[in-house]
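Next come two complexes, and both contain subunit A; in the first it sits with subunit B, in the second with subunit C.
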Partner chain A sequence: MDIKKKKKKITTPIWRYFIFIALIIVYILPMYVLINMSLREVTDIRSRLYPPIEIKWDNYSEVLNKSFFNSLKNSAFIMVWTVIVEILFGSMAAYGLVRSKSKVAERFASINLGIMMIPGLALLVGTYSLMVRVNLVNSLWGIIFLSAAGGLPATTFMYMNYIKSIPIALDEAAVIDGASVFRTYISIIMPQLKAVTVTRMIMTAIGSWNNYLMPVFLLQKKSKHTIILLIKSAFDSAGSVGNLPQAAATCALGLLPIIILYIFAQRYIIEGQIDSAVK
Partner chain B sequence: MASVTMKNIYKVYDGGVTAVSDFNLDIEDKEFIVLVGPSGCGKSTTLRMVAGLEEITEGELYIGDKLMNDVAPKDRDIAMVFQNYALYPHMTVYDNMAFGLKLRKTPKAEIDRRVKEAAKILDIEHLLNRKPKALSGGQRQRVALGRAIVREPKVFLMDEPLSNLDAKLRVQMRTEITKLHNRLQTTFIYVTHDQTEAMTMGSRIVVMKDGFIQQVDSPQELYDHPVNLFVAGFIGSPQMNFIPVKLVKEGDDVFAMTQNEKIKIPEGKVRKFKDFGAYVGQEVIMGIRPEDFHDEEIFIQNAQDSTVKAYIDVVELLGSETFLYMNIDGVNCIAKVDPRSTARAGDTIKIALDTNRLHFFDKETEETLLTR
Partner chain C sequence: MEKRKRATLYMCIPALLIIVFFMAFPLINGISVSFYKWNGYSQTKKFIGFENYITLLTDPVFWRSLANTLLYGFGSTLLQNVFGLLIALYVNSKFRGRNFIRALVYMPIMISGFIMGQILYYFFQYDGGVMNDLLGILSFAPVYWMETGLRAALVITLVNSWQYLGLCMVIYLAGLQNIPMMYIEAARIDGVNRFQEFFKIKLPMLMSSITTAVITNLIGGFKLYEVIVSLSGGGPNRKSLSLSYYIQLLYFNDEKAGYASAVGVALFFMIFIISWPINKYLVSKVEEY
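Up next, the complex of A and B:
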């Protein structure tokens, strides 16, 4: 048989490109509108799809004031600690639950799954009154604990799935080598969970940075405001004063760190997802 | 180096499942003992109890003269090689081997010396910087052995270490482990379900079934003098043939009779019966190993009273030997004969039994009827 005849040209059908382009437009358009808005004069009220008549960088420099940096610091503090608490406790809980032979652990794992289904909003009133009682209103740690607690069931669940695929013989080999349970977790188990840890870290970081619901109720002092609250108040004041471009600049700057983080880390997220699918 | 003593050991899991019952065994220093048996017989559980990975429900375990029941695995001075190697995937071969020593705070220079020495013994010096995923199955197994060697333990425990390897590599590693034992002169406890491994490696073999020890003996003794039907069938490949017979005494002669065949039992064999009188006229199980059938003409002529008719179902030519799958008076048997055998499928041939090598078992208790 003629080999040449058997060969098929591997090409992507052209209609697929149209779909890709349409999708990219859908995703890019809001960002374009935001950047476009942030570079306009207040008086430029043409359609938001048109580029600015004159680019006004001052909108950005005006935003970069003390209150912006304070909010940035608050958001970063909350994000870093939420990630640390969630990853540390989620992975440890998952390791314990997966390796434990007790039936209590089995039940706890299914309760954990159930907790994941409860929307945070449903618990808002109870949570708020609890936070008032423990004096964690207007405290960044209050938000950290709440966010971490909210994310822990999903983190634990994700880790459990990964840990189940690690042969228990590795733990046993470590025990015979002389490792304690904690040493086994740190030196043997955690390094196997790099992909899920990075994925979860990024997801938690993005979730924490964009968290609006809890901070809006619990962080009432301006000095404790996060970036998201700052953006919110920028748009609120834009409504009354009318400086929408400056509010857009606040929004663009506020989102910048998380967008940069996502661009650098998306490879790990994809790797993590593929890894979990393979496992 | 140390002896291992297990006294009346039981393992009962939650829910009342008994995995090991009344296990008694004295393993001498430097001995290579093999625990063998079918899946679920409790051999791995026993090994894991020695390692400290399973709690002992009842009984006493001594390593040397120290009671080890409540001693943590790391303090038992044992090393274990797992079936799936259990190498740490994120560490290099060097780090895998050094991990246990690092935890014991062994000086760096000493760790380096031991790792390199073990690597030399196992011929894996060139692999020290590789990670396990870049190794073949055989190389991984060597690393797993290396990790055990560097610890210089009193007892080596091996849980089916060769079962993940292909047949050729398994044979090679088998001899490597035997050589390693000779070189290290340490106590080895080796678990396998493969009776060939057990026969070729062990200085003594423990045959287990349903959590109970069936027989503890040297490979040759186990083969020649199985204490019951299970051991007789489990040890040897192809397995021993079992033919139900009736013991009949005619004058001074004793015969084992099937429906249509009559086989004379030599006087020497009759003398080996523990209580021959009790079995005259009774049905017993006669056992004969495949290699104790002979289809050579000279053998048949010299053993007229121990020759039977056999219908050949299948002939398997293996080059060095030939297996005849045959039917003797309604019982399926296998004979291992000379490759020059002329027997062909569909033939009915005469085949002689080496009656000096017959085995007899009680039909009810399945225990052997013979003394050694």
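Up next, the complex of A and C:
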């Protein structure tokens, strides 16, 4: 055993470091190119592999204008409410399905898979014409409920898997103490699920921040644009008359909240994903 | 007790209402529209039965998009599973910086597919694209990455696989960490080599991870949309469209809402017909072990 270990230490590093460096390049390069583009003069059209001739920080300060902060606000509003609606109602439904031992609960894995197979775009015509009819075009609440509806089945499914592993004796003790169903759920069950709830909240928040499909068609008014739509229109106009470095700066700034969140919560997110993949 | 059971079930009501109103209702609405000729905004629509579905059979753009969708689904699944598993094995061994690599490979998942496509658009341009610059440094001739539909579709598959590789990595990491060490140790005492260890012990024990990874990637690939919009715009000449993207163009550009709905229904059935049996088969494999 000892000899083997020593042998390993000598033979592995070469290919291991090679993979290490290759992965870093392949995964960092797009970010490098984006930041590089965002710091250039418009006239600097050399290869995007080389750093800017002169660093122009003004690209950033120039895009930090009223419409940027407005779309930041819209994105944050949608994000917060989508998280609340999806997590609260999803976990409630999971609790209801598991503890009432309904037949739906047994088949929920298949139901969830079936719903997963419905492409968002297949719903486009039905959704859009419905939203026009009920006057939810250009409404942030329309987006909130649409994305919550899309995420609810998977969230419910995940919570069901965790609630199943909580002993039912806890519920029974709460019943004896006279706790209502909602009370049992909120003060007995949910505290057991703090870790998964935080992971799920982060994932839902990121999904909401990145949402493109429904906002691009439903939020047509500029004042209702989310950050993703702002980035889109910045790049769209960069293609014709606009300013590509500024579009890249808008993009980098729009990604910043997500990247910061990821840097701090990265371990939590990945461990959480690993944990729920095993469940 | 019966009363309490019912009260427990009532906890599902808010979620159910949202799903019915914002998902089931649009779904039914969409399916019914597929039997009409409708431009998407006028007050009148004309019932035409299955005509939209018949048009579908002879529409070359539909078939092209269907073929692309299959490529996006199967191609991404293949690439993501092979490389995802390899990276999971790599990250699962002990070395300094493994957590950094793990975080790095997972990072693109945090970024919107649309934005990622937009950034990588500047990689695959002919003039001044980063890929051609790199080829230039290695003194190769530049390549028209988006010249033909097939080439664009391959670039899209590659980008999509690269972006979501981390998902597979995480699923396989979970599986690898769940293999009891004693099996591997026992095998090592018996003197198996690394390949035998992987193919005879680890791989069979990863069956349930493979199921999750294959099904998730397959469905994700069949639904591919955002990255195509920003990377190729469906071009050249609508030759790299996925069915999802085709639906959107039919509805908003061509004003054929009824036909777009029919394509949507066809897409759902395509996903269902392919994914359901594969899922069944893989699940039965899991039970064997």
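Please note the rule applied: the second predicted complex is superposed on the first by the 247 of 279 C-alpha atoms of A that agree within 3 Å, B and C clash if a C-alpha of one lies under 4 Å from a C-alpha of the other, contacts with A are read in each partner's own complex, and residues count from 1 in each chain.
One rule holds for everything that comes next: a residue touches a chain if its C-beta (ideal position, glycine included) is under 8 Å from a C-beta of that chain, and two chains touch if they have at least 3 such contacts.
Since this is a predicted model, take the numbers as computed values, not measurements.
Visitor: Putting subunit B and subunit C onto subunit A via the overlay, clash or fit?
Guide: After superposition on subunit A, which the two structures share, subunit B sits beside subunit C with no clash.
Visitor: Would you sort A:122 into first (subunit B), second (subunit C), both or neither based on which partner it touches?
Guide: second
Visitor: After the superposition on A, what does A:89 contact: first (subunit B), second (subunit C), both or neither?
Guide: Once the two structures are laid over each other on A, A:89 reaches subunit C alone.
Visitor: For A:167 in the superposed arrangement: first (subunit B), second (subunit C), both or neither?
Guide: first
Visitor: Of the two partners subunit B and subunit C, indicate the one touching more residues belonging to subunit A.
Guide: Tallying touched residues of subunit A, the top partner is C.
Visitor: Does the superposition put A:41 against subunit B (first), subunit C (second), both, or neither?
Guide: After superposing on A, A:41 lies clear of both subunit B and subunit C.
Visitor: Quick one: is A:175 in contact with subunit B, with subunit C, with both, or with neither? Answer first, second, both or neither.
Guide: After superposition on chain A, A:175 lies in contact with both partners, subunit B and subunit C.
Visitor: Look at A:188 in the shared chain and tell me whether it touches subunit B only, subunit C only, both, or neither; answer first, second, both or neither.
Guide: Only subunit B is touched by A:188; subunit C is not.
Visitor: In the overlaid three-chain picture, which partner chain does A:62 touch, first (subunit B) or second (subunit C), both, or neither?
Guide: neither
Visitor: Aligned on chain A, what is the least Cα gap between subunit B and subunit C? Give it in whole Å.
Guide: 5
Visitor: What residues on subunit A does subunit C touch that subunit B touches too?
Guide: 175
Visitor: Per the contact definition, I'd like the list of subunit A residues that touch subunit C in the complex.
Guide: Interface residues on the subunit A side: 16, 19-20, 23-24, 26-30, 33-34, 37, 45, 47-49, 85, 88-90, 92-93, 95-97, 99-102, 113-130, 145-146, 148-150, 152-153, 156, 175, 180-182, 185, 206, 209-213, 217, 228, 231-232, 235, 251, 254-255, 258-259, 262, 266-267, 269-270, 273-275, 277-278.
Visitor: Looking at the complex, which residues from subunit C come into contact with subunit A?
Guide: For this pair, the touching residues of subunit C are 4-12, 14-16, 18-19, 21-23, 25-31, 33, 40, 87, 90, 95, 97, 99, 101-108, 110-116, 118-120, 122-123, 128, 130, 133-134, 136-137, 162, 167, 170-171, 173-175, 177-178, 209, 212, 215, 219, 222-223, 225-226, 230, 243-245, 247-248, 251-252, 257, 260-261, 264-265, 267-268, 271-272, 275-276, 279.
Visitor: Write out the stretch or stretches of subunit A touching subunit B in their complex.
Guide: Per the stated touch rule, the residues are 167, 169-170, 172-179, 183, 187-188, 191-192.
Visitor: Going by the contact rule at the top, pick out the subunit B residues touching subunit A in the complex.
Guide: Contact set of subunit B toward subunit A: 51-53, 73-74, 78-80, 82-84, 86-90, 99-100, 103-104, 147, 151.
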